[in-house]
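Down below is the structure, laid out as structure tokens.
Which chain is which? They are A, B, C and D, in the order written, and residues in each are numbered from 1.
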Amino acid sequence: MPEVAIGLWCIAGFLGIGVAATILGGRAIATPLVYGATLLVALGAVLLALTTLLGGAAPSTVVLPIGLPGIGAHFRLDALSAFFMLVVNLGAAAASLYGIGYGRHEHSPMRVLPFFGPFLAGMNLVLLAADAFSFLLSWEFMSLASWTLVVAHHREPANIRAGFIYLAMASFGTLCLLLAFGLLAAPGGDFTFAGMRGATVGGSAAALATLLALVGAGSKAGLVPLHVWLPLAHPAAPSHVSALLSGVMTKVGVYGFIRIVFDVVGDFSSWAGLVVVLAGGATAVLGVLYAVMQRDLKRLLAYSTVENIGIVFIGLGLALAFRANGQGPAAALALTAALFHVFNHSVFKSLLFFGAGAVLTATGERDTEKLGGLIHRMPQTAVVFLIGCMSIAALPPLNGFVSEWLTFQAILLSPQLPQWGLKFAVPAVGAMLALAAALAGACFVKAFGVVFLSRPRSPAAAQATEVDGFALTAMLTLAWICILAGTLPGLVVDALAPVARQLAFVALPPQAGLPWLSLVPIADSRSSYNGLVIFFFLVASGTMTAAVVHRLASRSTRKSPIWDCGYPLDSPVTQYSSSSFAQPIRRVFGTVLFGVHETVDMPRPGETRAGRFRMRVRDPAWRFVYGPLARGVLRGAVRLNRLQFLTIRRYLALVFAALIVLMLVVAIWR
Amino acid sequence: MTDLVAALPLSPVALVLLVPTLAIPVLAVISDYRLSAGLNMLVSGLTFAAGLLLLAAPHERGDFLIIDDFNIFLIVLTTFVGFTTSVYSASYIGHELETGKLTPAFLRFYHAMYQAMMGAMNLALVSNNIGLMWVGLEVATLATVMMVGIYRTPEAIEAAWKYFILGSVGIGLAFFGTILIYMVSSTVIGAGVPAMAWDEIVRNAAALDPKLLSLAFVFLLVGYGTKVGLAPFHAWLPDAHAEGPTPISAVLSGLLLNVALYALLRFKMVLAGNPLAIDVGAILMTLGLVSLLFAAFMLYRRRDIKRLFAYSSIEHMGIATFAFGIGGPLANFAGLLHMTMHSLVKSAIFFAVGHVAQAKGTQRLADISGLSSTHPVLAVGFALGVIAIVGLPPFGVFMSEFLLVSTAFGRQPLLTVVLVAGLILALGALLMRMQQVVFGEPRGKSDPVKASYVPLFVHLLLALVAGLWLPEALVRWFRGVAALLG
Amino acid sequence: MNALWFDIAHLLAAGVLVLSLMLLYQDRITAVINVFALQAVVLSLSVGWQSVVQGAPHLLATAFIALVAKGIVIPTALHRIVRKLDVHREVERVVSGGPTMLAGLGLIALSILLVQPVVETADPVAREDFAFALAVVLLGLLLMITRRNAVTQVVGFMSLENGLVLAATGAKGMPLVVEVSVAFSVLIAFIVFGVFVFRIRERFDTVDVNVLDRFRGERREHL
Amino acid sequence: MALTVDTALAVGLALQLLQITLVVAIAPLIMGLTRKVRARLLRRRGPPLLQPYLDLWKLFHKEAVVADNASWVYRRAPYVIFAATWVAAGLVPTYATGLLFSWSADLIAVVALLGTARFALALAGMDVGTAFGGLGSSREMMIASLAEPAMLLIAFAVALIAGTTQLSAIAALFATGDVGVRVSLGLALLALIIVGIAENARIPVDNPATHLELTMVHEAMILEYSGRHLAMIEAAAQVKLVLYFSLVACLFAPFGMAAGDKSWAALALGLATWLAKLLVFAVLLPIAETTVAKMRVFRYPAFLGSAFAAAALAVFLRFVSRGF
């Protein structure tokens, strides 16, 4: 049986689990059964993906007699699909494991369980689909399934709104992709990817298709300004689903872009690269700025997803530009960086969302202003969450740094590009990337510092308890993946070689054989990084110093109340809060971009009322794009609505007028 | 009338026409509503069976009747939806009687009219004679007028009256167009019955006078377009749907609009045969887009759940019309598929809506919410219906819209952008309402509904299957007709 | 065909047209009804003449129906309604007389413009008649939308239908003409019936002014 | 000198270790020197040169006072900070290029390692949950977010010229002198100095000697620390200063560094020149500091923005001057 068939069986399994969950109904046993089953299937899919990716098997295809009449449903499993299948199902497996424990807290399981399997099925189906119809069908099916999970907690109006915006944006994206496919299939009318690859569309058509793909897939991945649904929808879902939405489904969006632009469109001009790079840079910076300013933990994570998607798209744009100029190795580097980051982000974002979910179950709070001090109540969660934070903040020796380092290396190759626009734009984007990385550091110092460190800001936080073993196991696994991928990046890069070879026609030099397992993307003289050595040095020097100090110098410590320069106040509100932590950055970057407006009214001396701090942050995307749009639609609706209340005579007049107009048309026709 | 008689004894065609016709007087006298409802079901079932027989029947033509690719399937569809609707209406009117909104006396009338409408629509479908087609459509219209007004509430009477007046004018104009066609064709074919036979006219289309032909089409367009519900001839449609009994809303949206569009397409074929005649495609595209956009905007301010979906019917008729306006094998294919899917899904939605209205005791959207908490099954059916109708997979509407948009974009990029905008607008409005109805805290009263969900889910299942896999025969049929449509 | 016959047919058809033009500028309801009755009579004459010309006896039936139903029965019924429901005797116009007439002339011009350039294969009688019929139909519609008064609107619809009959009979050998004219008479009967039953004094869409405007689905007040 | 492979390895290891130990050993001295010079410039006698060593010694032997609600983060952080800074410093070429582990981290990685240290420091500042700690952390992160883009552009400009981000490779190339003097390099140097000042919490961005909490950034974060923990953080700060000095040295004044052949003479020379450079910088820094005044917090963007502008200009001029 070809690999792709096995993949389809996995998908069938997921769907079957959905059906089974519906049959099982709301029984208590349903939760562990469903998640256990999805865990097994997902692990199977991971195995399949790994064997396909590492075994270097030739792409296998299957055509089922369904779908578009006369064309059928084509499915194909190649290196690209395999890699993303790995990402998707790794996340899926972790989420399922986490869900076994977490799902017990779900108050209406029948709104989650039946849709979990189909959601996973949808994502996998997108990766295997090899003709426009099946692709879009699975694409939209995925959106639909995830939508049901977003509105699972349907009694909060905010979630309903989130679900609506999400589904509307998703359909918009789908229609854009549909238009793109319409262009690509136009010459032959052949909707299979193979046919589209063969068909040669005009330059302008290809360009338009690329743009449409960017918009369509970008709206799923969360490119600014198409990201608005993301921070609403991701937090609305149950946390393990949020992890999938944020860590995995956005990657499927990235896959869609890669599949269409790199694979199906094939030939393109370097300006496309420029557009994508700029879009990525803007997304990265804006996304992380949003993130820093959030006080809702899950929304913060969602916005940071936007940032990371931006980083991925920077890499993809560079790859486009290099490939358009026939610079294979550079393209391979950029592409590898992007895919590496895809992998990393899927891992640590899932980890962080699991952590947020743990906090949510332990305290019932998502608002960072009401958390704090959890490191004492939930130590294990704190450790893994810290690892996640450090990885996403791109700190060596963890994995987040490696992918960003690779992206920087690709950026440093940009002077090779002949186009002046790129020459000047790419360094600027590089600076944006650096800015994003630094702000991400700030963002996650805030996240960890406010939630886990400092003193509890609410009784709920003070009473928190550690989460169950399943959840901890899931988080621990992901944390280990972060560390391993950070210290042994060469192996990941080698695993990505087939994908690079497929899309950039060359791959990076093999890394596994290098001395000390170091990472040398281009040439020894050019640049190299060795996570393993750094990790070893850090651990060694740290422990050594500690040991020396403790042995030779004092090791005694004395407990004492907080000093705080002599006037400690024991009310937790005197601490730096989440929004006060963000204040300097808000001031520096937000004033223009987000129309940040802060007002403080201080009671006069002697007045008893409390002082008040009011802050307004306006999202430019809503301010300049969606707000006006919605208003316009409503205005039009109101105008036209008069037509509902005319008298019959007026309606007849309408008919009459139309008749006369048509007759005039006939009269002047030829 | 010779060959109409020759069609007897009991060829499927005759059955399709006779069974309902004969049932009319019977149903008109039976007063016990259970019996009459059952009989109604039985008759509709028989008609459906006859329609199925028609699939096997050979293609035959007479000056009055014709059986060709184009109408066989529509007959099957019509009789099928007619059947399911009769099943649904049996459970629906039971509730109406209990709540005293209807009396058995009215029900006799109701069932008689139901069969009259079914028979008339079948007549319009099978008739080869354009005059006969006209008669069928008009009888169907008048029958529905009767039923729209059946609740005798002021709103209902008002809606029926509006429908009646606009309908009559439409009747007049369509008839004028028909005469005109006859005049033109009679100069070529020669006076008499053959000059009104559609296939004769098509055969000689190239020889006919283009100017008068165009003029005739204009009148037919306005006349039948009124029944298709294309803006700006749509005025009767929303109120008629909203105020009539829900089964009637279902057949109005699911069938009558289709049949009227079918009539228009027959004449489009005629004009397609004449190179000098006016460009029908352009007109249809314009009307289609106007209807689509107009309806999409109107969806946002609706307060009555049935009126909401009535407007969505206008929208979808616009889409189909646009597809036929674009023309070409793929677009026509998409249009036909869209007609089919729309009649299945929209009637399913009305089935659901009817029960919702009965459960909540109101049609005001503002008073309906949290359905998934109080009536899970109904909520699922309703949600699936809306998801299907806005063109989300894996339902059939998605496939038709996929084909339409992807092919149209190559031919009419700008118009297609408008089309997509309209689709998004409509989708937004419907999803917003659907979420409001299905989710949130339950509001208002919520009675248990003892309803048969079978018709609802059968329709949805069919739409689902069609979205994933179209049977070979269906595809062949669509392809054939698409070729005819040019 | 004999030129005289042709001229007579032409004359009668033109008469129908002129009368529907007259309908446009009547401003008293009784007068409107009377003019309509006259139009019906002329129509029946023209139809009868056509039956002679075409040698189609069944058209006589049509002519008879036109004469009886629209020439006698319906006008008397309308007169009764006017008396019963004491509709305002004055016709309230939406557009004043002058512009209406101009529009009417414009419509006539348009219809002739549309039908004239038809190639000569078409039978001249039919063509002439047809131009007039088209004009009559359009004028009837115009009458319906420029008058507020229900009765006038009914009359408008009926004169529209007169146009249809004119066209139908003009088309040589047209099948079903009789059936259709019967059907239309029934339709009109319904409308008149409706006007009477629903006590529509003023506009078509107020099935009783003082009750129904408050009972429209989704009234403006709701918004 | 002909060496067998493993002896070469041993020598390489030794040289690397020498550098790693040197940067730590010498750091307090450099700090002391800057303080001394500064005091002199302010007409004070100032502490003795070796005072920092004594301070560290004292702190190490005191018992550490730890707040009740401090977590393990608070206790581990100083060691992490020190280790990260130390490793970074150990990988910046000082007296010789091409050391054994020079390839294990390039310029970007070194900067990132400092980022790790900063991350730990900021967390430590927030751990106990005081107003000052949070204030310090948030400002520190803000400054970092302003400094990093400039730093990346500096790396970009240098890499444009050297064609690599490998520090020792860059140094080796520039040491040959055939690169010549470039405008871009000058601008990059300027930018790097500004960034360095901000990163090391020197005037005008921060005042290491301040005792007014509201003006503190670095000091505010470590307000709660005492004893050995404080000592580790102080040591880290000193090492960081040395790191930046040697970074400037190896990027912009790489002369005298021992290149490919590690002959004793070359090594000795490299060592000497390196120390000399450190001394010069240690004298120049306080001079610059005394001429300016501490800035308000929200003036930093302008200050660091100038660094960004300079670095960007360096990059773009590089394109132009290459002229294609």
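Operating definition for what follows: a residue touches a chain if its C-beta (ideal position, glycine included) is under 8 Å from a C-beta of that chain, and two chains touch if they have at least 3 such contacts.
Bear in mind the structure is a predicted one, so any value in this text is a computation, not a measurement.
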Item to check | Leaving out chain A, the still-touching groups | outcome: B, C | D
Checklist outcome for this item: For chain A and chain B, the touch-path distance in steps comes out at 1
Item to check | Chain of greatest Cα-centre distance to chain C | outcome: D
Item to check | Chain nearest the overall Cα centroid | outcome: A
Checklist outcome for this item: Note: chain D sits from chain B at a C-alpha centroid distance in Å of 78
Checklist entry - Whole-Å distance, chain C centre to chain D centre, using C-alpha means? => result 99
Checklist entry - chain A to chain C: how many Å between their CA centres? => result 69
Checklist outcome for this item: Rounded to the nearest Å, the gap between Cα centres of chain B and chain C is 31
Checklist entry - Of all residues in chain C, which are in touch with two or more distinct other chains? => result 114, 141, 144, 204-205, 216, 218, 223
Checklist entry - So which stretches of chain A touch two or more other chains? => result 641, 644, 648, 652, 659, 663, 666
Item to check | Overlap residues in chain B, where contacts from two or more other chains coincide | outcome: 161-162, 165, 169, 173, 211, 215, 301
Next on the checklist: If I apply the definition of touch given earlier, which pairs of chains qualify?
Outcome noted: A-B, A-C, A-D, B-C
Item to check | Sites on chain D touched by chain A in the complex | outcome: 60-69, 71-73, 75, 79-80, 82-84, 86-87, 90, 101, 103-106, 108-109, 112-113, 115-116, 118-119, 122-123, 125-135, 137-139, 141-142, 144-153, 155-156, 159-160, 163-166, 169, 213, 223-224, 227-228, 231-232, 297-298, 301, 308, 312, 315-316, 319
Checklist outcome for this item: So, in the complex, the side of chain B touching chain A is made of residues 161-162, 165-166, 169-170, 173, 210-211, 214-215, 218-219, 221-222, 226, 232-233, 235-236, 238, 276, 278-279, 283, 294, 297-301, 330, 372, 387, 390-394, 398-399, 402-403, 405-410, 416, 420, 423-425, 427-428, 431-432, 435-436, 438-441, 467-470, 475
Next on the checklist: Touching residues of chain A toward chain B in the complex: what are they?
Outcome noted: 65-70, 132-133, 136-137, 140-141, 144, 151, 154-155, 157, 160, 163-164, 167-168, 171-172, 175, 178-179, 181-183, 185-186, 189, 191, 633-634, 636-638, 640-641, 643-644, 646, 648, 651-652, 654-655, 657-659, 662-663, 665-666, 669-670
Next on the checklist: If we count contacts the way the header does, which residues on chain C are in touch with chain B in the complex?
Outcome noted: 114-115, 117-119, 121-123, 126, 130, 133-134, 137, 141, 144, 157, 160-161, 163-164, 167-168, 170-176, 179-180, 183-184, 187, 190-191, 194, 198, 204-205, 207, 211-212, 215-218, 222-223
Checklist entry - Which residues, counting only chain C, touch chain A once they are in their complex? => result 94, 107, 110, 113-114, 138, 141-142, 144-145, 148, 153, 203-206, 216, 218-220, 223
